[in-house]
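Order of writing sets the labels: A, B, C and D. Residues in every chain begin at 1.
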Amino acid sequence: MKKIDVSILGCTGTVGQRLIEMVYNHPWFNIVSIAASERSASKKYKEAAVNWHLPMDIPEEIRDMTVVNTDPRETGARLVFSALPSDIAKEVEKNFAEVGCVVASNASAYRMEKDVPLVIPEVNPDHLQLIEVQRENRGWDGYIVTDPNCTTIGLAMVLKPIYDRFGLDTVYVSTMQAISGAGLPGVPGLLITDNIIPYIKDEEKKVMTENLKILGKIKDGEVKFADFKIAVSCNRVPVIDGHTETVFIKTKEPVDVEEAKKVLSEFEGEPQRLNLPSAPKKPVIVRNEEDRPQPRLDRMAGTVPGMSVTVGRVRQGFDENHLLLTLISHNTIRGAAGAVVLNAELLYAKKLL
Amino acid sequence: MKKIDVSILGCTGTVGQRLIEMVYNHPWFNIVSIAASERSASKKYKEAAVNWHLPMDIPEEIRDMTVVNTDPRETGARLVFSALPSDIAKEVEKNFAEVGCVVASNASAYRMEKDVPLVIPEVNPDHLQLIEVQRENRGWDGYIVTDPNCTTIGLAMVLKPIYDRFGLDTVYVSTMQAISGAGLPGVPGLLITDNIIPYIKDEEKKVMTENLKILGKIKDGEVKFADFKIAVSCNRVPVIDGHTETVFIKTKEPVDVEEAKKVLSEFEGEPQRLNLPSAPKKPVIVRNEEDRPQPRLDRMAGTVPGMSVTVGRVRQGFDENHLLLTLISHNTIRGAAGAVVLNAELLYAKKLL
Amino acid sequence: MKKIDVSILGCTGTVGQRLIEMVYNHPWFNIVSIAASERSASKKYKEAAVNWHLPMDIPEEIRDMTVVNTDPRETGARLVFSALPSDIAKEVEKNFAEVGCVVASNASAYRMEKDVPLVIPEVNPDHLQLIEVQRENRGWDGYIVTDPNCTTIGLAMVLKPIYDRFGLDTVYVSTMQAISGAGLPGVPGLLITDNIIPYIKDEEKKVMTENLKILGKIKDGEVKFADFKIAVSCNRVPVIDGHTETVFIKTKEPVDVEEAKKVLSEFEGEPQRLNLPSAPKKPVIVRNEEDRPQPRLDRMAGTVPGMSVTVGRVRQGFDENHLLLTLISHNTIRGAAGAVVLNAELLYAKKLL
Amino acid sequence: MKKIDVSILGCTGTVGQRLIEMVYNHPWFNIVSIAASERSASKKYKEAAVNWHLPMDIPEEIRDMTVVNTDPRETGARLVFSALPSDIAKEVEKNFAEVGCVVASNASAYRMEKDVPLVIPEVNPDHLQLIEVQRENRGWDGYIVTDPNCTTIGLAMVLKPIYDRFGLDTVYVSTMQAISGAGLPGVPGLLITDNIIPYIKDEEKKVMTENLKILGKIKDGEVKFADFKIAVSCNRVPVIDGHTETVFIKTKEPVDVEEAKKVLSEFEGEPQRLNLPSAPKKPVIVRNEEDRPQPRLDRMAGTVPGMSVTVGRVRQGFDENHLLLTLISHNTIRGAAGAVVLNAELLYAKKLL
């Protein structure tokens, strides 16, 4: 097949680097341009990406590619992957959508807009219906599709099968989030070594509202939010990649632990049915060892490395309506770059590109 | 005053080392012997404590002290501080209590026994009434007083004023526990670097049951357990000292955040009233910065370093009966060695020695 | 081709785990048995390898394989890969060689024996001549071939081309060695977090003597040691994998930095010429960025991941006879498991199996 | 005594924070103003020092002090302690000296100027003679006294007694430097966790040239540099505080290890003779344990915590002219803030203020 041209916006940060790693050899997509802020623009990528942090070297073809401005006239491609900071994304992504581009965005700027789909392909692909609403509302030739916050994604993928099978009353989540989630330069080494920072700006609100939107149902052209209650406490820990979340779930129906493991383990969605290139065979992997999941051992889980969420310590709480578990997902792969790519693959497979 | 002779059992581990650090210059107590397992016995302490891990050097007088066996005929003192492993403590502590020794123990062996006080001096000093029951039941000349697990202590100190003021319905706790809590050699560096281990053997059960006992009331010579529900998820993180706990509290009465901070901040107990040497002026310190407490900055909090619990991020959850907060306490000081010492100080001040 | 049966001795440690990872899918070798100490023997591997530390799961076929004793009657294969502790290896490896086995060993027990080859295939494949001497001397049907210490290997591979081109007068080496080099349980997390341990038992002597043997020449059936002087200082650092070494080299001939980079970069040996499966295309990779090599970015370098040594910061010292550089090699791959496998591949290719 | 007013320039960085910690309760000095760049000026200190990283809280009196500009008209005090970045220090420190201030500086801007003393009070207090030369040369009412780079200080304090007793031919140094040495925000946590960065900009040159100046002799109003050769390789490691240096010393005279330990251990200088408040009883502490010094255990060494350098692993190299050792000094105390304060104490004691 002829590959589809794509441009990467925000190419120098941690998510931008992962996007390059994931798209560089992609069977469907072809990187035609990479864009970043003025500070990086017109530099060669190898000079702009001074903080390249991945074990894989910068791909040869990308090394000497010149970074352009985040301007549709410079990027060329109709499909753009955005890993822009949220404040910049607000304006820039609109600029692209206006002129007909399809923006698969990891930025938070548009996630909670009523007419913008916030999609995890395994969880709520039907929310793509909002694309038409969005184009009509805004008069855009193109459109924006967003994926959730890195912490939301792992959680929503685990809550979805539980919600469908047992109902959700309340969810309490305490996170232990990796340093890479803070981007670059991100958290100073001096402040995170031998330490925990029990606060991540705006994060808890994102995790709460995004989960309710994603698990909501489309009705009359908008999302009716899910109605369970949720409390979140976010912490930064000295781990490089992989967000760990301990989850206390109060279900509506009594829950059997083995049944819960079964619905988690068997959970799959359109990406698996459509056999999308970045879809792992199992979106959720359930482990039975008492001391798993662990970020260093499980963050790269999945037949597509880093695209599966790993769940462990599935157990009952103090009554039969309480299910406790721990989950880990790779924050810059499934939680960011991979989410962008999988969304784009879904758009393509559903002929929405 | 003439100091009281004390022997330290289990002197080479992380808690034993902290006991030496805290008792060595104590105004009331005088270390007359240090005891450990056969492997260490008859060695000089400096040779037995190969893994000494504290910045302070081994005190000069202790360096060349010969480690004896954990046998009352070798230890000499009537008062003994036990930092023994639980399986060994079961037998050894009994041996000491039988022959008339007072055992202030940090081991878990006797904590949940009906006639053994499990005491945090600020929280439930009245539980010392069980001493008489214990002596009668068992026919011992001495007795055993225990302090809780390192994770329990910080939590119970924070729950106590909330419980008294607002009532407790349910408590959900996710912990991030320091490496020193696993003792020595403890967790291999290879397994904890850039990682989290989401499981600590037996820990969750301890935290649940111990909190209910400590916050229970003495009635008819035994403890009537507190009746709130509790779910706990314990994690080991790459932090040297200081356990962090995120706590979701469902109260019985509606809770006002400022009022909650006030009762926490004003909480105090007998150690403060009796002006015990190891009692911090404020058992609970409330911080208002959005990113505190942090283990590296707050673990040594308190006018007696490491003896105060620090609470932060006190906020409301999704309804007025939900209070969320994060707490940190030093696991080997307030959570272990300091707990032993403070219990002994309380016994002395109450003329129970 | 029909694969050659191999048994892995010492299968549960960090090197044993890497051996399983590297041999499991090997094109030439087939694991028929895995052996370990009595403590593990007769357990299934998944139960014996409680501290499995690699992101890759234990291969399915190995998971349920029963661990046998380190006894030739139980292991079956003629070719054995030994990752045994040195004290045990002394006796066990002899037992295997006596009954006709070929032992490719990573243990230090026999490395410095006069009639035992200590081989890095790119550096001194001719030392395999000692096999015949060994068999005659000892009357063994089989024989032992050893590979060097993990710190020696990276260093010797870098010194070799410098030695050949410029001569070596003196070498000063300061190492920063990864935690995985200490095995399991190895260094306690409590002692290595936020710390450096400036001492590794017996390590400095090994690095000094092994380098002189490896870079020595065979003459009259024995190794005439290289005659340069060497001083080594070994440190353990909080890095998971990858030994870093800063090297100050006083050469005999004046050295030109660009010429030095060239001989390093172009260095290759028999494994490359024979196209051995575990041979990286370039044994030594020279990087020109001012802040490379870094263990997290460079430890997996090479077309066979982890089998290349990366050199950077190649520069002149205070005179033209001083060359300074920093090198990194993966201590459990190129420095241990990969060294065993590459030696075995060389033996096979040279028809010595 | 009436305390001497002092102003702290560059009060928000890691060294500025340490200066506040050390001067806040100083018996001789009184902080009358704190100054920083425009970004911080006119904020209260507690708002400007967002990255306060010390376990001790910001002192109460300093918390609400308003940060002023680095302008002598705003700072008030004649004595100023400078922890400014070097590029800013060049201009600012001159401004202060011109108007009569005495600048005790930790910046590198003036260290290598011919007429500026670069002083470690125990090593080369006689270099203060340059003050007069400086004032004459430059026509300043005040003057600048500098202290060396954090890595230089520990090294020079250890080389000094060796130099005096055995002579120095060549010194090879490989460092493992703490994160706090890079300031704030400094090295990103994402880049230093599980990693080493084998390069610190400009550092190696500083260590080389500064040591030669400090160990040089004053002659005819200028410093005749020491004439030994030196090669340095600097590395950043994931350690919070405390620079570790492995040192290979080729002496002029044959060196006896016990004699070397003795001269190191007995080394002292004017600060000890003058009993300066920040002078540790022993500037150099020699440890005999095979695995010391370690940054976490030894960085706070000394009767004034963090002001002693700890040396260990003192041993002979491959001949009697080679002495090997490892040293640790606290980079922000003895290596920066404490160096400023000790220099100021020396100036006062010598009536140069």
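FYI, a contact is a pair of C-beta atoms (placed from the backbone, for glycine too) under 8 Å apart; a residue touches a chain by one contact, two chains touch by 3 or more.
The structure presented is a predicted model; accordingly, all values stated were derived computationally and were not measured.
J.: Shared touching chains for chain B and chain C?
T.: Per touch definition, common to chain B and chain C: A, D.
J.: Write down the chain pair with more C-beta contact pairs when A-C is set against A-B.
T.: Between the two chain pairs, A-B has more contacting C-beta pairs.
J.: Please flag the chain sitting at the greatest distance from chain B, going by CA centroids.
T.: Checked the centroid distances; the maximum from chain B is C.
J.: Per the centroid of Cα atoms for each chain, what is the distance between chain A and chain D, given in Å?
T.: Going by mean C-alpha positions, chain A sits 47 Å from chain D.
J.: Calculate how many whole Å lie between the centre of chain A and the centre of chain B, each centre taken as the average of the chain's C-alpha atoms.
T.: For chain A versus chain B, the centre distance works out to 41 Å.
J.: Residue numbers in chain B touching 2 or more other chains?
T.: If we look for residues of chain B contacting two or more partner chains, we find 53, 193-194, 238-240, 296-297.
J.: Could you please specify the touching residues of chain B with respect to chain D in the complex?
T.: Touching chain D from chain B are residues 53-55, 193-194, 240, 296-297, 299-300.
J.: What residues of chain B sit close enough to touch chain A in their complex?
T.: Result: residues 172, 174, 176, 194-199, 229-231, 233, 235, 237-240, 244, 246, 248, 290-297, 312-313, 317-319, 322, 324, 326 of chain B touch chain A.
J.: Spell out the residues on chain D that touch chain A in their complex, using ranges where they run on.
T.: Its residues touching chain A are 14, 51, 53, 179-180, 182, 184-194, 238-240.
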